[in-house]
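Handing you a structure now.
Order as written gives the chain letters A, B, C, D, E and F; numbering starts at 1 within each chain.
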Amino acid sequence: MTTAEIHPDVEATAEAIASMEIRGAATIAGAAADALHTQATQSTATTTDDFRQEMHAAAKRLHETRPTAVSLPNCLRYIVGRIEGDTVDALRRSTITAATEFSTQLETAQEDLGAVGANRLRDGDTVMTHCHSTDALSCIKAAHARGIELSAIVKETRPRKQGHITAAELRELGIPVTLIVDGAAGRYLDETDHVLVGADSIAADGAVINKIGTRSLAVTARERDTPIVVAAQTVKLDPATLSGHTVEIEYRDESEVISEDERAEIGDIAVRNPAFDVTPPRYVDAIVTERGQFPPESIVTLMRELFGEQTATPWEGE
Amino acid sequence: MTTAEIHPDVEATAEAIASMEIRGAATIAGAAADALHTQATQSTATTTDDFRQEMHAAAKRLHETRPTAVSLPNCLRYIVGRIEGDTVDALRRSTITAATEFSTQLETAQEDLGAVGANRLRDGDTVMTHCHSTDALSCIKAAHARGIELSAIVKETRPRKQGHITAAELRELGIPVTLIVDGAAGRYLDETDHVLVGADSIAADGAVINKIGTRSLAVTARERDTPIVVAAQTVKLDPATLSGHTVEIEYRDESEVISEDERAEIGDIAVRNPAFDVTPPRYVDAIVTERGQFPPESIVTLMRELFGEQTATPWEGE
Amino acid sequence: MTTAEIHPDVEATAEAIASMEIRGAATIAGAAADALHTQATQSTATTTDDFRQEMHAAAKRLHETRPTAVSLPNCLRYIVGRIEGDTVDALRRSTITAATEFSTQLETAQEDLGAVGANRLRDGDTVMTHCHSTDALSCIKAAHARGIELSAIVKETRPRKQGHITAAELRELGIPVTLIVDGAAGRYLDETDHVLVGADSIAADGAVINKIGTRSLAVTARERDTPIVVAAQTVKLDPATLSGHTVEIEYRDESEVISEDERAEIGDIAVRNPAFDVTPPRYVDAIVTERGQFPPESIVTLMRELFGEQTATPWEGE
Amino acid sequence: MTTAEIHPDVEATAEAIASMEIRGAATIAGAAADALHTQATQSTATTTDDFRQEMHAAAKRLHETRPTAVSLPNCLRYIVGRIEGDTVDALRRSTITAATEFSTQLETAQEDLGAVGANRLRDGDTVMTHCHSTDALSCIKAAHARGIELSAIVKETRPRKQGHITAAELRELGIPVTLIVDGAAGRYLDETDHVLVGADSIAADGAVINKIGTRSLAVTARERDTPIVVAAQTVKLDPATLSGHTVEIEYRDESEVISEDERAEIGDIAVRNPAFDVTPPRYVDAIVTERGQFPPESIVTLMRELFGEQTATPWEGE
Amino acid sequence: MTTAEIHPDVEATAEAIASMEIRGAATIAGAAADALHTQATQSTATTTDDFRQEMHAAAKRLHETRPTAVSLPNCLRYIVGRIEGDTVDALRRSTITAATEFSTQLETAQEDLGAVGANRLRDGDTVMTHCHSTDALSCIKAAHARGIELSAIVKETRPRKQGHITAAELRELGIPVTLIVDGAAGRYLDETDHVLVGADSIAADGAVINKIGTRSLAVTARERDTPIVVAAQTVKLDPATLSGHTVEIEYRDESEVISEDERAEIGDIAVRNPAFDVTPPRYVDAIVTERGQFPPESIVTLMRELFGEQTATPWEGE
Amino acid sequence: MTTAEIHPDVEATAEAIASMEIRGAATIAGAAADALHTQATQSTATTTDDFRQEMHAAAKRLHETRPTAVSLPNCLRYIVGRIEGDTVDALRRSTITAATEFSTQLETAQEDLGAVGANRLRDGDTVMTHCHSTDALSCIKAAHARGIELSAIVKETRPRKQGHITAAELRELGIPVTLIVDGAAGRYLDETDHVLVGADSIAADGAVINKIGTRSLAVTARERDTPIVVAAQTVKLDPATLSGHTVEIEYRDESEVISEDERAEIGDIAVRNPAFDVTPPRYVDAIVTERGQFPPESIVTLMRELFGEQTATPWEGE
């Protein structure tokens, strides 16, 4: 298999992903889909075995560039899992169809998701946000575009205060915004109709991996019976978790938490800065995707439908 | 009664409290106790009625300087409630005894409380703190002084990041400190043996009023079955709540939450900055005071013992 | 002891209570206090033993008229428990003092309680009520009298729809009322700031015995984190429960649940109509009495203070 | 498409549904299936495009008669989503097959569902019911028919007391019935083995929309660990909720809650009479349908299988 | 159908299962698959009807040997549900394919499941076990084989102390084991990262039927937020529960609980020895199977995929 | 003080306690009370200071024999805390009174407690027991003696199976007993009306220290809303916990958990055998003592009343 020809465009895409020239969950997935499309179109394979080997080699090459980027394997699984046919031509056609399908859906996914999420919102509702999520904002924007009047309580979301970005975007739309520190969320939940957050990734056991602080927010929201909705395109579903893999939480630089001056004054302490935490499905009311809304306990069904049930990745094992 | 003579020293103390020259829960209470001591010592009253009127007038004068400062009424109630006797002399003696008793206890209260709290800590334990509380620190320091090895996870506590003060003080003692943002508390609770916080005040229904974020921390800690302990001298017990009064939450300036530059960039949004929140007793495992530890549901008994059961304040109604 | 003289007025009161000519918790307690006062005043006993025997005989006679009426034993225990002295005169004086004290407090208890409960209410609050409780209404009335603007959601409270009485009384005050069926309470809890109910009696383990439906309301309110407050004069505290006795729940006539016509149409079914249910303390935030507010877990302390700790009733065992 | 011919029988059915001549979830769905069957059989379309346009037009016409009736869109989605083929004939055949399939399943759905629900019941069990649900009763009847001895605790279900209908039907079967007011449910849950209710509709996020009072019952049942089972034919699954739509709760006339006489006596108050409430999936143990039982969190999978995953309705968008 | 020829080998297998010569969930399922394979291979049927009748008769014969063994019906349903084709040959081929598929998967199921479960474990983790489950151990072994360092807390699991077997097997691998009595589990959950148990069977409503004591362990683990994972091959999924059937719990001999000597000393008491209990899905974090991990609320989807949605068993009803 | 004369009888008692000749909570407390009685009676002190020194020395000597035996300090605190007067005679008399009071109460404590606990039980109730507690049995016996018909579900309580003793004693009374393994408790809680256990000691924060397995039982009972009652004489209240001290849990020999033969077969594993666990007050409904019943959150009030509020032990600090 190692001799299978990888098209130079695929190689170029792989390098661009590896060097982080291409970045962002959706952008990476789109580039990978294009690359497989190219590989299929340009393939000179003459046997079905050769064609498959080429596609698998391309998928593998792309995958190894960023093995932990969740959108990459699910793009690859989506396309490779749909390659079928008895002739090279049939294989090629099915590959192209799958790659095109994936790209088309990806293009409108955020807007489609926004339309679904907006259906949960009603005139006069107040939404609480955590961090900055374009998927979550897409729901608010869609509702706003329909003339639904909303207001927002925006948690600043330490350490990087991405809540400020959310606040600025909502303000631009003319949505009334109240900014609070993270610790004040509990106090404002009784004025909140929906907690609406995004996701870094979603696991097969229904757990939501999202910006640090999400879990506490969800636990506290459940205690007050305020619904918590996670907005996440299906590129955020992590197919590796179908086979039990857990998500490695990234630790970021301590300078995000404490400035050099503050540090100098305090002296020798440790600073820990985990980027994400894990919210179990029992604290989430619904996951809103471009393919509709799901209880978190059911998202595994959508994952299997989109990415296959194989516990092994489909381009391995030959 | 209005003609009752208030001693100039009492008047001076009242003015100093009103102008916030005298500030801080314990300092205010100590000054008020001294003032009543002086009033009793210097009183020239010749009838028991006159003496009582003088003491009540002095108490009233002191009380009206800062009607919401919790330590003030409980000092006054403690002393006025213990004035008893059939002669001016007996009244004076009982007043002086009560004022001295109160002052003496106040002086060692934090240390006594620390000794009680330290008894809950064991070698190798990790304590999570919120905000900066000298009562809470007193427990850690007492344990540390006994040679108990502790480590601390310190929440920075936005907006004012008083966690940095806590971190610096613990570091000075040589206690290993890990600083985290508030949202990361949930992630570190499984490495935490005790959540230990102070209190701004404690209500008769067992609720703990403390720095914003305490309630979320307590809810999340309970979800993981990590005990939450509140360290609070009895001057923090709010006798007004015996008669159902609730605590008015102070809102602080928005500049604590967002800088002018940040604000300019975002534009026209509201910022809310409540200083405290209210944690119901069901999320607190114990309140540690200088008179021992109590389940929060029992603190009302201590309040009644110290400050009387009267729903009306004892210096009113004449 | 059986020869101890019971005063004819005491006998008359006993008969009036037994025949239910005298009824209602507060009225019964007041009559019993008056009777003991009379017995003490009129006693011709010449030894302290004789005096005590007379008082015990009078208490016993009164108690046996309605052994399950909760206010009766607590009146008797309050007074008999305070009889003390070394001479007949001293015994008489202490009895009269206790009886007078009890009566005086009883007279203003509902108003005093209302003042305490009103302290929990704030401008703009919405209160949900269950059944008809003059103690609960006293809190709303006191707040209303202070100019606090409230609105009320009134559960009709099947089977007897006492909510209609509550609705009419609140309407008379000019408080906006929304009437709902009992099953709709959950739907309206998110618009409710306080659930405020009365009590038939309160047990030493902190349980609240109140109109059927209270427990479900409390469980549902807790699920939404809406505070539930029980307004109950101390005559509702059941001293028999100090020694572990549980409260026997009364079953009322099925005609309250179903009319004869409805019954005829349905045919042979059983109908059960328990008057009360038992709410455990963990679902109650505070009990408001004329002596201040208490967490339900602490009410035992007030019971012991008022009625003594003896597990046996004080007029027995001679 | 607007020129597509709608068959007169379809038009007649549409009018009968609109005028509520045809009513009831199952009856409406059956009539709509028959109408599409007729449209397909009688179509004179000569191109596949024309045939599809006709079917979509017919579906659209039927749908707009009662846009909020949940059984209508799921019937239409079921059939239109199964139209497939490359020739008019193939399209017609697939349409007829789907319409027939739908009708056949509908006919036996309640009985099939009853057989599934009965499998959960055992000799000697006591079932608590809320409101009157023929789906829920079908389970009890099926169990009864198998000789399983059951007894029932029937909540009267204010305001319309449909519990009386349930009581009468169960009595007719010879099942011992105990009628209680709604507030007494908590008291009788410890004698209950299953809470068994129907549904007005079921949402994709697993929420159960049912007669007001269901949510409180479910919350209380969960607190006592009594399983709560919802019996609902698949025509109750609301496909609009797949795309995030929430269910609009109907408010009914206040005369159901309070008679004119009662009203006159009380005076000017508001009365609110919501017909339904929403029970989140975490308080439901199983949903019993004619296609088997499901945890509420999985019902979305059945919805997608039956009615398609499209967030847009399949007869739109041309 | 009664005249349909059952192959002598099928008959022999049936007898061996009935006599418990063949026993164990996987062994029974494997033997049944082989039997159906033989029946299909050796069938002399000349019409498709005859072939189907033969296969159904064989399935029925096998099923009736141990109607409560969960792996038997799911094997039979898997294969019979996949018989399809228009000719005897096609039917035969599809049968053989399904039987082979089933057998192949069965063979590696435990190892595949182990690989999935191992993905949840990390270096330094402590696992708590209950009873002895080869599926659960397969996860630990797989992790151990990858060099992940684990330690185990092993509950002895009265009455039969199968924990001793678990302890011995883990010890053999060199994994540090701490043995505790069942009542001590709560005490050791704060040192536990995963509770990992097997299952006797799993129901469509997500309930896990497993060795007595599992439910208490799961409830207690949830209270401390320790994840509980159930390892179960898909042969443990009970297809009868799709149609609402509940699992009959076996009661075992009292001699397992109490020896004759102990019994003689105590005298005439009852002893109850249920073998299993039922853990609701809300206390389980994930079910690990050879086809990946699932939230328990989603396992119904896998059951329907593998065994069909029919509420009736596929070999009945002819 | 060191020169203060300790009476030889006190010394003898101290030695007997130290050598465990005198053992058992009540027996130790009784012996200590007798010793202080003797010391007071026989004291030859001529000044009040000398008398106090003698009593303190005696208390200290007794205390140091078994510093962790909970009944010892509470006996000593009870008596020493009640020594008062201005003359040696008065001191002596108050000491003797206190010692006699303590002894008298101790003598009937278990029976008094039984009478209180019995008041919670009703005809037909089923009680579940854990371990063997004479305090818990005293409640059952008292109820039985009154003719209340009870039945019992007895957990065997590994490792020492003290449930067998409980079973034998109940059987002797003619109470129907069902013996189960510990893991089966959850399964039988739905047939249980009361969980009734004893206590090793009770802490000021309301926590109950009792035989390992109590906490799990309480958590599971709460999940099913079955009340859990702790029967404990006041000698079980641990006064050291008033000042925050926590209870050291004893670890017992591993031979209780595993026999030598079993051990030999398994090989090199660790065995942990903690004797007790700690149940937080939120899982306990009532503590039944000889002085009545208390919510666990209120027991601190009784502790302070009996043993004083001093955080330091009263015989120290001179």
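What we mean here is this: a residue touches a chain if its C-beta (ideal position, glycine included) is under 8 Å from a C-beta of that chain, and two chains touch if they have at least 3 such contacts.
Everything numeric here is computed off the predicted structure, so don't read it as measured data.
By residue number, more than half of the contact pairs of C-D reappear in one of the listed pairs B-F, A-B or D-E, namely A-B. Note: centroid distance subunit A to subunit D, computed from Cα atoms, is 35 Å. The distance from the centre of subunit B to the centre of subunit E, each centre being the mean of the chain's C-alpha atoms, comes to 58 Å. A straight line joining the Cα centres of subunit B and subunit D is 57 Å long. Touching of two or more other chains is recorded for residues 223, 282, 295-298, 301 of subunit F. Going by the touch rule set out above, the chain pairs that meet are A-B, A-C, A-D, A-E, B-C, B-E, B-F, C-D, C-F, D-E, D-F, E-F. Within the complex, the subunit E residues that touch subunit D are 204-206, 241-246, 280-282, 295-298, 300-301, 304, 309, 311.
For subunit B in complex with subunit E, the touching residues are 190, 223-225.
Touching subunit A in their complex are the following residues of subunit E: 112, 115-120, 122, 282, 285-286, 288, 290-298, 301.
Interface of subunit B with subunit A (complex): residues 154, 156-159, 161, 164, 167-168, 171-172, 176-188, 211-217, 219-220, 223, 257-258, 262, 265-274, 277.
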